[in-house]
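Note that the chains take the letters A, B and C in the order they are written out, and that residue 1 is the start of every chain.
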Amino acid sequence: MSVTHDDVRKIARLAEFEVGEEALPLLAEHMSRILEYVAQINAVPASEGVKPFVPGPDAVRFRPDEVKPPPLAFGPAEFAPAFRDGFFLVPKLGQFEQEQG
Amino acid sequence: MPVAVKDNICTLEYVTSCGSRILEGYRSPYEATAVNKLKAAGALIAGKTNCDEFGMGSSTEHSAFGRTLHPFDKTRVPGGSSGGSAALVAAGAVPAALGSETGGSVRQPASLCGVVGIKPTYGRVSRYGLVAFGSSLDQIGVLGRSVHDAARVLSVISGRDPKDATCEDRDSLRLPNVPESLQGFVIGIPKEYFPPDLDPAVRRACDRAIRLLRELGAAVRDVALPHTQYAVPTYYIIAPAEASSNLARYDGVRYGPRFDGSEDVRALYRTTRGEGFGAEVRRRVLVGTYVLSSGYYDAYYRKAQQMRALIAQDFRNVFDRGVDLLFTPTTPTPAFKAGEKIDDPVAMYLSDIFTVTANLAGLPAISVPIGRVKGLPIGGQLVGQAFLDDEMLEAAYALERAVPAGEEA
Amino acid sequence: MANRWETVIGLETHVQLRTVSKMFCGCSAAFGAPPNTNVCPVCLGLPGALPVPNELALKLAVRAALGLGCTVHPRSLFARKNYFYPDLPKGYQISQFEQPLATAGSLSYLSPDQGIATATIVRLHVEEDAGKSLHDRFPKQTAIDLNRCGVPLIEIVTGPDFRSPHEARAYLLTLKQVLEYAAISECDMEKGSLRVDANVSVRRAGETALGTKTEVKNINSFAFVEKALTVERDRQIAVLEAGGTVAQQTMLYDSKTNSVRPQRSKEESHDYRYFPDPDLPPLMLSEEFVAEQQTQLPELPAKKRERFVEKYGLSVTDAAVLTAERAVADYYETVVHAGSGADAKLAANWVMTEVLADAKDHGERLRVQPGALAGLISLVRGGTLSHQAAKRVFSEMAEHGGEPRNVAEALGLTQVADTGVVAGWVSEVLGAHPTEVERYRKGETKLLQFFVGQVMKVSRGKADPKLAQRVLEERARSLGDLK
């Protein structure tokens, strides 16, 4: 399993990371090693019948439908990096498509 | 009682930065259920402790705010990711501290620092307010000077919480009595945890502990957990996959610092996340994104979910045959040198080899000091059955009392 | 040119469930609060916060699934749909993917092209909504409001079953009707509580393989559904007729210019990396839970329509009008069953004309009590009121209430059934219209109705029209002419 520089670029775009060209070789090498290492689980014969295991309750519990938000000790204005007139602010969507509404 | 809290557990009083630049200076507007319960029980939150960034690491070298030193040897690591909590307890600054586990992050530093570390059954303690790394593996755990100190804190923080859907609807943990003997206990020794190349001193310490368990009246039996060798690879698919999604929220939009007054929101993401996360977090998020991406999901993530089931089944098979608890070394070696594994991610991952299985199977496990190896502490691990945390603690009390933890094995 | 092409449309409809709180936290789901005031650690995606599902939302989702004849699965999974967008705080949306809540349903609707038709419901799943991005609030900045973030939705996906834009619209209106009937959603497109995306493709008539489809988004009003789909269909046909190929992409509809344009996006942004949400154990629905939701479902419009045709002898069209809204259907049945019982067909006519017209002008309120309308109808049947006069009584009751007989008397509208008085009016009318009398005499008998109308006018609506006609006819017979 060898991860190419293009693979790293593509995955970094999906994960929204800036990855400099100079960092690519080492990242590709580390990712290749890790993926090669973890791929050894494929040595175990196909286990079609095996249901995935997740610990925790067998069934999700529900909350009643009532307005009872877990409290905030202070509001977004105090932790947001950019906030104005009650809104979070981000630079205008550029490469993102601007949808109406 | 003062209790220190790992930096990835939300408190109102202090900054909650998860050892990351991306949350540098972040103050949480709410506190974790575990912290809330501690305060309600009269504990004092003594401060926040350093950790590997978002819990990703086994040495507390991967913190944006500097590495934590081993309390007995500054050239070595305290283990991780709850290295700050372990070192603080080992140094005698607090009797107990909250840590968190995804693959051994409480037990591994406990072993390396010579303190007690408990990871409860998955669902025993609410995760509300524990900053998520691998949600299906994460549990808040406790580091303590003694089994009793750690167990007392665990008992306070355990129990139901309507804010966490994965937390079991159970009362808080009952504190067991210190048993006179371990008569009636059947303790399994899984052979996969004692490979031929295991450090002989670690093996000697374990052998001594096993002898003591037997002398306490426990029946000791050899058992097999045949899928153990796949645990670390399975873990290093599932944990990064979940992490890649859990860490998507750090985007510089709603909280945390922004690293660039970018003209474009995508650029804002990329610089904030590119500069805000450290190397190990970036690596794991990339691996996690990769294994979930189209075309790779089945070979990696789905397969790992099945391996996880086989690993959990291994444990059930052993427990179904009358075994109550398992005993293993907690770590393959005592504390290693700082920098020793920092450039070799896979070597670092292998220091979790004996601990990740309990997280994968959701089982309770505890590390108790069992001696010294060339002057450095080493821990032995007891793994219990799901929701029989109290039974595991009982055996740990007995072992702790019997073992000469300060003595070279 | 369109005849050589067949249009194939499938719809994905997002419907906001009628809950007071959000899907995974206790924040208010109300529309219109000041920005970022209905927010908490969970829906802000703060570090460490966790989701817990809303029970009512799941009940409503199951009711919707049952109402659409779906199989509700006893075990389904929440999954994370991962993508980055500034109004998506966690970087993923909690939805369902591999194991949805319900599958394999159908909805029968009245197609303008082919009569009663059936749309396949491929799947129905639960998810949370994202927040809102406002692009024109501040210069160079996008403003984010997370009040809507986490509001409970169901997504209802149909097969590629519709063959024209108006057929798709007819389905959508029927779906809306069902969801409103069962109080599952308010279905208000303007408030965003119902949103629709469409998969559109065209193929040459007679072909069976599907053409390349595009997804049309941003259709934010019922008025635009047909327009948007037509624009996209015509665009695809034009491309193909010019020898080009349709690219598989997302198209955004712009209602201001009535046009579509491709959404700019990179290919990999569609790799959503779905996986089961580890924060949420499996959604297990017991048989009892599902059965309980079945009992909470009212009679749905299609059933009600059939029953109205059968029980009240109405035409399918009239029954469809009366059952379009649950409140109207209930009102109609109350009128029919009030007191000694009104004539079902007369009642239907009254409700479809006077009642609905009055409701339309008065905020959809049904202002005349059903019992009063039933009384009014029997006054008309008994000959006490003319139809014209009854309409005036109806308006008066709508404005000021009251019993029909009292109102009619107060307005002096009760019909005069005294032959002598009516004969006087008839003489007056005949004397005033010599030209028409002459024409009638020459055989233009249809003028009889004109004379009846004139009698009604002269009597200010008070004459019993049947009596007036009889008197007119007798006068004609006995005199051979009207002189």
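What to note about this one:
The rule is simple: a contact is a pair of C-beta atoms (placed from the backbone, for glycine too) under 8 Å apart; a residue touches a chain by one contact, two chains touch by 3 or more.
Just so we're clear, the structure is a prediction, and the values are computed from it rather than from any experiment.
Taking the mean of each chain's C-alpha atoms, the chain whose centre lies closest to the overall C-alpha mean is A.
The interface carrying the most C-beta pairs in contact is the one between chains A-B. Subunit B has its Cα centroid 22 Å from the Cα centroid of subunit A. Annotation: 40 Å between the Cα-based centres of subunit A and subunit C.
With centres taken as mean Cα positions, subunit C sits 56 Å from subunit B.
For subunit C, the set of residues touching two or more other chains reads 41, 44, 49, 52-53, 84, 86, 140, 142, 144, 271, 273, 278, 280-281. Looking at subunit A, one finds that residues 14, 16, 52, 54, 56-57, 60-61, 63, 70-72, 75-76, 82, 88, 90-93, 95-96 touch two or more other chains. Counting partner chains per residue, subunit B has residues 26, 29-30, 136, 162-163, 165-166, 244, 248, 251, 253-255, 263, 265-266, 269, 289, 293 touching two or more of them. Taken in their complex, subunit A has these residues touching subunit C: 10, 13-14, 16, 52, 54, 56-72, 75-76, 82, 84-93, 95-101. Within the complex formed with subunit A, the subunit B residues making contact are 12, 26-27, 29-30, 121-123, 136, 162-163, 165-166, 168-169, 227, 230, 233-234, 236-237, 244, 248, 251-258, 261-271, 273-275, 277, 282-283, 285-287, 289-291, 293, 299-300, 302-313, 345-346, 349, 361-362, 386. Taken in their complex, subunit C has these residues touching subunit A: 19-21, 25-28, 34-42, 44, 49, 52-58, 78, 84-86, 132-135, 137-138, 140-146, 192, 217-218, 220, 252, 254, 263-266, 268, 271, 273, 276, 278, 280-284.
Every residue of subunit A that touches subunit B in the complex is listed here, in rising order: 3, 7-8, 11-12, 14-19, 27, 30-31, 33-35, 37-42, 44, 47, 50-57, 60-61, 63, 70-76, 78-82, 88, 90-96. Interface of subunit B with subunit C (complex): residues 9-10, 16, 18, 23, 26, 28-30, 32, 127-132, 134-136, 162-166, 241-242, 244-245, 247-249, 251, 253-255, 263, 265-266, 269, 289, 292-294, 297, 301.
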